[in-house]
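The structures come next, written out as structure tokens.
One chain, chain A, appears in both complexes that follow, with chain B as partner in the first and chain C in the second.
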Partner chain A sequence: MPIIDQQTLVRSVDILATGILVTAFLIISSKSLTFYVRLFAFQSILLGMLSLVIAVRYGETHILTAAVLTFVVKAFTIPLLLNKVIDRIRVRKEVDFSINITVSLIICGAIVILSNSVAQPILQVQRAGSLFTTKVLPISIAVMLIGLFVMISRKKAVTQIIGLLTMENGLFLSGLSITHGMPLIVEVGIFFDILVAALILGLFVFRINKSFETIDIAAMRSLRH
Partner chain B sequence: MSIVLFSLLLGIPFVSAIVCALSPGRRVLESVTATGTGLTFLSALVLAHEVLKHTFLSSPNAFFYADALSALLAAIVTGSAFATALYSFGYLNAHVAAGTISAGQLRLYYALLNVFLFTMVLVLLSNNLGFLWIGTEATTLATAFLVAFYDTKRSLEAAWKYVIICSVGIALALFGVILTYFSSVTIAGSSSPSLLWTTLMIVAKKLDPAILRLAYVFILIGFGTKAGLAPMHTWKPDAYGEAPAPISGLMAGGLVNVALYSLMRFTVLVNKAVGHEFTSTLLIIFGLGSIIIAVPFILLQQNIKRLLAYSSVEHVGIIAFAIGLATPLAYLGALLHMLNNAIVKLLLFFSAGNLRLAYHSKIMRRIEGAVHVVPFTATVFLIGVFAVTGWPPFGLFVSELTIVTAGFTAGHFLPTIVFLVSVATVFVGFIYYASKMAFGSSEGRERQIDSTPMTRILLAALALLLLCFGLLIPAPLMTLLRNAATVMAG
Partner chain C sequence: MNDIITNALLLILQLGVTVLMAPFIFGIIKKTKARIQNRRGPSIFQPYADLTKLLKKEVVISENASWLFSFTPYLLIASTLVIVILVPTVFAPLPFHWIGDIITVAYLLALGRFFLALAGLDTASGFGGLGSSREMSIASIVEPAMMLSIFAVAVTAGSTNLSIVVRSLSTTPASIFNPSHLLAFVALFIVTIAETGRIPVDNPETHLELTMIHEAMILEYSGRYLAFIEWASQMKMVIFLSLLANLFFPIGLATVLSPAALGVSIVAFVAKMTLLAIGIALVESTNAKLRLFRVPDLLMTAFILSLLSLILYFIVGA
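On to the complex of A and B.
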């Protein structure tokens, strides 16, 4: 007898996945860099909890490991690192937009609808037994695309990092929903890559700030043709 | 035997990287890097030899795997890394002598060069498609600080764009990998889904075709970004333009082929599962698009390294186009072109590096009369220009001719004609700039010491290889190429 029955699983997974989508929307409507980082950390905690629920329900140790890694790497280490970066660079901590919040929210609403239709062909071949996928897969694709949208529409270097990491969260969620996660060793490798990427990008923010005296990427426009 | 070879190929660059990171002096850095890359190249040649004898090598847990395709690419990539190491010594020492780089920067450079090689070899030897992805992302991370090496505004901007664009691209590729994995989960009665390429190939016919097609779109965009296929190529001129010349060379000669290799593995899998029409159409469109988009940028270029970067976009397009033709002859042409393109890109970027050292500029109109100022470099540069634009008797003539023949025999007349016209236009642009740089007025300029003897020997060897592959391909290499083409045919 599993600790969590199927119904509880589906319900809690749905709630957590919806929470992840909501944080993505909050990131879109946020104006402060520190808040971006906090929202990302919160999103990662929700993602970790979601993996934990699935790991306990199916007794899969590799998902458990992934859940622990999500907490340690994405919910703790990376936000800590990004906060350090934000503290050390003395710039305005507001986010600059190339698309304002209202329009951004409308676009992201459209992204959710689009994601739902993109997910349908994948869901049609879904094997019976992983029922929770129906709602989680469209959400995961939406989170990926919203992450991409953050990267395109927000001009600070730190916001681009958050966008990329949100994309990764969406990817992780999609993997979790349709395949119950990748093999453990692959998962560990992916986490390692993400951590190193965040480190390197964080260091770049320092150096960009030093050379350009801003982390507004719109200032970087010397390379053309 | 397989275990020993895999350990050597992965272990040598890894250990060299650690030693370099800890090493104090320039001499140690140089000798460790030269020995390390040299031995890795040697191991790759032994691997190729073994693969010719046994068809494929596999580690007991099937995690690492090498067939003719991986062995060929491993030889190209490790060879390029060896050449890059040898060129780096002279190039960086000129900087050290001028006092523009510090001891710490030098250490970072050599350590990361070895890490870079390690990540590329990891991609080539992984049988696990997840690790193929991890290795590819790691190549971006390993090269990030190499692109930003000069620590100027421009190089930071280039490195930032490079890491961000490639990371997004490769994130999309991860979705493709997840979908591929999913397509094996859906197989009825399959007890354990797999990410191993060899296992997936066995069950290819049973994988869900709709999912695989969708996966391939993401894979093509992802690894296409890394390879620099248009329209995902925008980071390339920036990164190649701002990175130190040897690094640009290794990215254009090695990394591009590694990204294409990943794309090829997935293409073989999808072709086997759903037939080649789907991948062919996409590859021909993206390939031809890259060739065409490069033309105006080559014709109106001011910066020599950006010119070479657009030439890289063009040649990646040629290779993708050839893979898209999907006949055995086209595969052979594609593989041969990967080899030739690697050599010519090393030759061109290295000689561009020499020109930069002599003229302190990458802007082509400031580089004039090179035949008088640096005669040796000017000569090999001109050889490189004729080779890269597909003139006989150099290797790229043979590979492009093979691809054109394959295009016409496969009945793709219009695309092949567009391909030919573009290549001819590129030739005009290249010759115009090269002749001005080589033969323009050298008034007011003294003849300079033309690089170190080792650099000259290296450049001459690269030029000779191009000539050699244009006249006669050695029998063992030909067998390896044919076997690799067979792997690609499924």
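On to the complex of A and C.
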């Protein structure tokens, strides 16, 4: 007898996935860099809880490991690192946007609708598989695309890192929903990849700030000459 | 004959609960805020005293004011009372629920707001015009967000009639706690704050020209007119809070007519309203008022959240 029954699983996975989508939207709607980091940490906690629920339900140890890694790496270490970077470069706010917040929010609303229709063909094939897939896949694709959109529309380097990490969260979620998680070795590889990427990118941001006295990537055009 | 009497009693109960509870909710918000700031604050029954004081005072009307100015308070209180008849508080379905659904409620709110904005312009004071234009520009974003977030719930119940929605939700508790409703709840909460002029959007306690919205519009009012307007806006708060409470957590709501069920329902209702009022006080104490040009961003977030909750209903289902 599993500890969590199917209905509780589906309901809690739905709510957690929705929470992840909402944090992605909140990242779009805010300006403060420290708030981005906090939101990302919260998003990772939700993701960790989601994988924890699935791991307990199906008794899969590799998802459990992934959940623990999510808590340790994404919800704790990376936010700590990013906060340090933000502290050192003394930049607190995303000031000018390529696309303003209101329009960004509308575009992201459209992204959700788009990813729902994109996910449908995959779901047709997958229908017989796991029960929660149908609902989570469109959400995970939307989270990925919103992460990408953050990277396109924001100019500060720290925000771009947040966009990349959000995309990774979306990827993890979609992997979880379609395949019950990738093999452990792949998962662990991705985690260390992300950790090292965040580390290096953080250092980069610090260096960029030192040489250009700004972390606005638009200012880096002068590199061309 | 018996039907008519029960219906009349229900109507009186419904009106009585909202009309009498309205100042109490404001009292609770004030008290909670004062406590958080380490002050003792006025008694929670102070708003009743304020209203009686205002009702006794004489009315001063500007020489330049037209009939609109003295007509607006009556219209405002009348339209608010009609909304009260339509929004379930302690019992659903209400005796006169067939006279209108959520769209009627939205338009009645708009009617009151329209006349208030006109009255603000009427006396040709600079502040009145400023308040009216701000109120209208904010309302244009708030209204769609409000409609969409309630539609997200209505879609689950298959009706836009509030009494029917609330009743069908309270009889099928499984549909209460789902993701689409959570988003709609957050959206409607932001809408509530904007509609009732609370802190991140508007500050009800200041008369500083840079920030005031609702207060600027009613700056010229005094005496019983002011009392009517204040009372109407307090009732508006109760209307929105009871929408929040009954659409999303219709627990304890009476759907059958029996003294026991009604008793439980009244206790549950007062408890839910008190909790929500404390929630609003917490939001007010922990947030700074937004710059006017940042307000549309917040409201747009509410709009997108409510849109998202509708989309999610079709992705995730109820």
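In the analysis below, the second predicted complex is superposed on the first by the 215 of 225 C-alpha atoms of A that agree within 3 Å, B and C clash if a C-alpha of one lies under 4 Å from a C-alpha of the other, contacts with A are read in each partner's own complex, and residues count from 1 in each chain.
Just so it is clear, a residue touches a chain if its C-beta (ideal position, glycine included) is under 8 Å from a C-beta of that chain, and two chains touch if they have at least 3 such contacts.
This is a predicted model, so every value here is computed, not measured.
In the superposed model, A:Met167 makes contact with chain B only, not with chain C.
Here chain B and chain C are compared by how many residues of chain A each touches, and B touches more.
When the two complexes are laid over each other on chain A, chain A has no residue in contact with both chain B and chain C. Taken in their complex, chain B has these residues touching chain A: 128, 130-131, 133-134, 137-138, 140-141, 144-145, 148, 151-154, 156-161, 163-164, 167-168, 171, 174-175, 177-179, 181-182, 185-186, 188, 193, 195, 208, 210-211, 214, 237-238, 241-242, 297, 300-302, 306.
By the touch criterion stated above, chain A contacts chain B in their complex at residues 121-122, 124-127, 144, 148, 151, 157, 160, 164, 167-168, 171, 174-175, 178-180, 182-183, 185-186, 189-190, 192-193, 196-197, 200-201, 204, 207-208, 211-212, 217, 220, 222-223, 225. Those residues of chain A whose C-beta lies close enough to touch chain C in the complex are 11, 14-15, 17-18, 21-22, 25-26, 29, 101-102, 105-106, 108-109, 112-113, 116, 135, 138-139. On the side of chain C, the complex with chain A involves touching residues 177-180, 182-183, 186, 296-297, 300-301, 303-305, 307-308, 311-312, 314-317.
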